[in-house]
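Next, two complexes with subunit A in common: one pairs it with subunit B, the other with subunit C.
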Partner chain A sequence: MKRLLPIVFVALLLPGPVLAVSDPSEMLPNPAQEKRAEALGSRLRCLVCQNESIEDSDASLARELRHILREHVAAGESDAEITRWMVARYGGFIRLEPAFNATTAMLWCMPVLALLFGLGIAVWSYRRASRRAAPAPALDAAEQARLDALLRGGSVER
Partner chain B sequence: MHGTVLLSLILSPELGRFALAFACCLAGAQTVLPLWGAWRGRTALMASARPLAWGQFAALLLSFCCLAAASVANDFSVRNIAENSAVAKPLLYKLTGIWGNHEGSILLWALILALCGVAVARFGRNLPGSLLARVLGVLGGTALGFELFCLLTSDPFDRLWPAPPDGQGMNPLLQDPGLAFHPPILYTGYVGFAVPFAFAVAALLEGRVDAAWGRWVRPWTVAAWSFLSCGIALGSWWSYYVLGWGGYWFWDPVENASLLPWLTGTALLHSAIVVEKREALKIWCVLLAIGTFSLSLSGTFLVRSGILNSVHSFANDPTRGVFILGLLALLIGGALLLFGLRVHLLQAGGLFAPFSREGGLVLNNILLCSICAVVLTGTMYPPFAALLLGQAISVGKPFFDSTAVPMAMPLLATMAIGPMLPWKRARLTPVLQRLWWASLLALLAWAVAAFGVSGTLPVLAAGFAVWVIAGAVADLASRILLFRAPLRDSAARARHLSRAVLGAAIAHAGVGVTVLGLVGMSQAQHAIVSVHPGDGVDLAGMRWTLRSVRDADGPNYHAHVATIDVTRNGRLIAELHPSRRVFPLQHQTTTEVAIRTDLVSDLYAVLGDEHEADGTVVLRLHRNPLAPWIWLGGLLMAIGGFLSLSDRRVRVGAPMRARRGAVPAVPAPAAE
Partner chain C sequence: MSGGDTSARKPGGASPAQTRRRVLALLPFGVAAAAGGGFWAMLSRMRTGGFDPHDIHAPALNRTVPDFALPGLDAAHPGFSGNDLRHIDRPVLVNFFASWCIPCVAEAPLLGRVAALLPVWGVAYENKPSDAAGFVSQTGAPFARVALDGSGRTAIDWGVSGVPESFLVRPGGIIDWHLAGALTETVVSATLPALLSRIGR
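The block that comes next holds the complex of A and B.
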């Protein structure tokens, strides 16, 4: 992946993965199982690449992990079991979607925190602005009648 | 050939470096003189800003031309050319390859920044003198930082002795027309946000933000935003058709770096409307302008410094990293400090009820900035967790798909309603009366999607996308009183519709189109197969047959080209030619994806490994429904932006401030 670094310098918008055409012989014969393995594999990180899942990576480690993953799927293990096994073996780093715990609480709560913070600021500034502004004087009956007439589009006598 | 050699002798690398150094001096003068003049009220000093901006741009352009001349003339005694070019490289890529490396791209960055300065000097002639001087001064200071960075740590004109007979060539992945023009467009987007930033800092120095300020800032924001939209769409398209595994967005730190300023930039161009029309949200708008450019800078340059990828790659070349961090701290920290010191001078403006056009735009800003906060946190979390907590975690596509993407749903839901709300105080009933058929269409889309689309989020998004598009049409229809007035009246109203209104509707519809494209892509089907020539496979109701694989050679590569026939019910519907290119100079292989599109779906084929032993060929085949709509929508957003820039109000120019005794310009047409 080192050779990719210059590209990152260049275009600012170039993701890492290149030329991932996997070998069909890796795939499970059962399409349902293969689909599950692909879904699961796309949530596991290739440990030697930058931000690539093992399904997308060309690295030999990713290839081995794909193979191991498919063995587990074929053995009939559940998604949770397989993820647990992978994390026990390779650490939390392998999960592209980190588990919720004390370290990642801030990360996972961010959507709610950000929205609440934004709404809070908006409500606070609205209240403050309304308090500061002098209340507009209410219209008397004649003014109200003239306004209604104007809004109806009729002519108004001055 | 003699001509180019002669040209490269005149435009020598030394001249280029000298011009760059001269540009630094002019940028220094452009920072100090106008700001001093504006502070002291010296008209002559303030007036120096415009010629200095022009001079700085001319010097940088000369410097850039020198690098171009060296590249075209194959001057491998220049290290940058020797490392990134080669004799056999096609001429187009010799030119576009100038920004295909770190040093050259920094020079381009500085050149575009200088161009922005010139644009402000040219189009800002009706700005109050002190404001123009301050804006150009801030732009000059920013440019000075990047020109010094280029000159001191990333010199593109560094010589190499002895000069090698041939260069090392460019990374073959970059040898692609889409990528050749992608960086300048993207950079224009990033750098363009320097202008709203300069306006914000200038306003803080002036201690005054008013409706006119909002009116001046908005076109610059719209321009930068349109270029950034184009750049992001182009980059995503590039990764779709070059990388060859059917994806288009990977939530990579590099991609997120471009998305962050786009999100806050979108928020800024909406909140600037409120400043312009209602003189509210001023403080927020100034902060947003500072924040957007800060994200532009820190996103791109933190990615460049390598901090996001690993702390080690940063340590490998600390000079550049430390310089960048210092520069960022100075610019962003300085602007925020100024904000803290001067914010009390900005007076709050017009009041509005929570349910009103202003309220809708505030909600838009809250949602966009929350999404931005989530993407920023997700991008920065791994390095910080590693640094502070010593824990290695990954945050990738599945995280963003399950957090940032759902947050876009309320944004889509409110997008159709917002533009129809009146200022100050609104009622829901009249809005819904104009949107009833859009709601019907959205419900219909949900019903259809519920049967034809798998996944909850894609179904939800499909309905909202139709809602947004229909809402944009309904907005225009209600403005021209379609079916409520005689058709001739409606046609007359349509002709006089302001381009800003039309542009906004087109951009909103573009968002809907992009979302439909994303929904379609979530339903893509693919197969990876290994076949003999003559064999075929079935995918998505079509028969894909590999007919042959033959050799073909290009200017600096050897290629294998496959021919794949795609038939439906025995009728040929497409012939695809995916290929693999081997670049001998760089020892690299690239794949050229074959895409056949009918705008409703893409047939997408990639040629994989060829196994000599049993004569089989690996193919990756995709059918991607609505894929082109993703970029079509991006294009619509940019078109909407540019259309609104051509609006009469922008062309005529903003009115002058009365207190300066200037002649008031033509009064603007009433707010839409």
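The block that comes next holds the complex of A and C.
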């Protein structure tokens, strides 16, 4: 029993499965549809808590939006149609992933731009370093003879 | 930079290597200036209200009110529908409230002053009829009509994210102005009168 106690304690500390929708009665009976609803709902902002998705939030507005979302999914609407329905009411801010447009172009392009910028610096400094480390000029005949003598271990005549 | 630079330096004329070096030295300043200009434009537009990335109100503006038909609270406070709002002949302030909402209780006295300017129609959001009735009698909110939106579905169609919210609806049922939050002294004494004189009533 004493040996079991730490195991039980550790087991209690382990995180349980995190369910986005805590109330099973909210879920759709069709698992594929429920999965799609959860995926879509986790990309929609809860307007009350603002940095939580409607799947994560416990606010009553989020609960109602989850419900509406599932009705639309069950009715066979596409993700784009449902997102449009939400944006028509709450604007682009409801999307946790902003749509690509003139205002958000910089936001979406920044990773690529930063990568290109970094690559540019890398290429530039590599080329500069290799230019600086130019190969030494070749030895002339006398120098070569002296080097050979040194390598052979003999004394060097000056 | 590099000691082994092979370019010849002529007095008065810059070699290609020198020019390139100058361009490279100025590049960070150029990038910083462009970024600074961009941020300045964004922030100044955020300050004047031309740009708000968190804007959840814009969709409602200049649109016809959504379709809905909600029951009334009692005989003195009949319900209303989207169709009723499309047939108003003078502006109406639609106010979403709930008895459990403290800012709604706080803004009730200001609603009394708004009612002197234009009719105020209330929508009880996710509220039991008895609680909504208690709110109206206790705060004395001057609602000409009170519609019961028990499920909150109508509020979602209006784009309401939380109570209190107010919408100014002009004749034709067009949403002219939207406030997410409680009315303030400035709104009642300056914003609303200016909007009403622009609408022409």
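We take it that the second predicted complex is superposed on the first by the 111 of 158 C-alpha atoms of A that agree within 3 Å, B and C clash if a C-alpha of one lies under 4 Å from a C-alpha of the other, contacts with A are read in each partner's own complex, and residues count from 1 in each chain.
Following the convention adopted for this analysis, a contact is a pair of C-beta atoms (placed from the backbone, for glycine too) under 8 Å apart; a residue touches a chain by one contact, two chains touch by 3 or more.
Worth saying up front: this structure is predicted, and the values here are computed from it rather than measured.
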Identify the partner contact of A:103: answer first if only subunit B is touched, second if only subunit C is, both if each is, neither if none is.
both
Would you sort A:80 into first (subunit B), second (subunit C), both or neither based on which partner it touches?
neither
Which partner does A:89 reach: the first (subunit B), the second (subunit C), both, or neither?
second
Based on the superposed arrangement, let me know which partner A:126 touches: subunit B (first), subunit C (second), both, or neither?
first
Quick check on the superposed pair: does A:114 touch subunit B, subunit C, both, or neither? Answer first, second, both or neither.
first
Please work out whether A:43 is in contact with subunit B alone, subunit C alone, both, or neither, and reply first, second, both or neither.
first
For the three-chain arrangement built by superposition, which of subunit B and subunit C touches the greater number of subunit A residues?
B
Identify the partner contact of A:65: answer first if only subunit B is touched, second if only subunit C is, both if each is, neither if none is.
second
Go through subunit A and flag every residue that touches subunit B in one model and subunit C in the other.
50, 91, 93-94, 103, 106, 132
Listed in rising order, the residues of subunit A that touch subunit C in the complex are 47-48, 50, 60-61, 64-65, 68, 87-91, 93-94, 103, 106, 128, 131-132, 134
Given the complex, residues on subunit A that touch subunit B span 3, 5-25, 27, 42-43, 45, 50-53, 56, 91-98, 103-104, 106-108, 110-111, 113-115, 118-119, 122, 126, 129-130, 132-133
Quick check: in the complex, which residue numbers of subunit B touch subunit A?
99-102, 105, 171, 173-174, 179, 182-183, 186, 190, 231-232, 235-236, 238-239, 243-245, 247, 250-255, 257-258, 300, 303-304, 306, 309, 313, 348, 351, 354, 362, 365-367, 369-370, 373-374, 377-378, 381, 385, 389, 391-399, 402-404, 407, 528-530, 589-591, 606-609, 618-620
Sort out for me which residues of subunit C touch subunit A in the complex.
1-4, 38, 51, 53-59, 126, 151-153, 156-159, 161-162
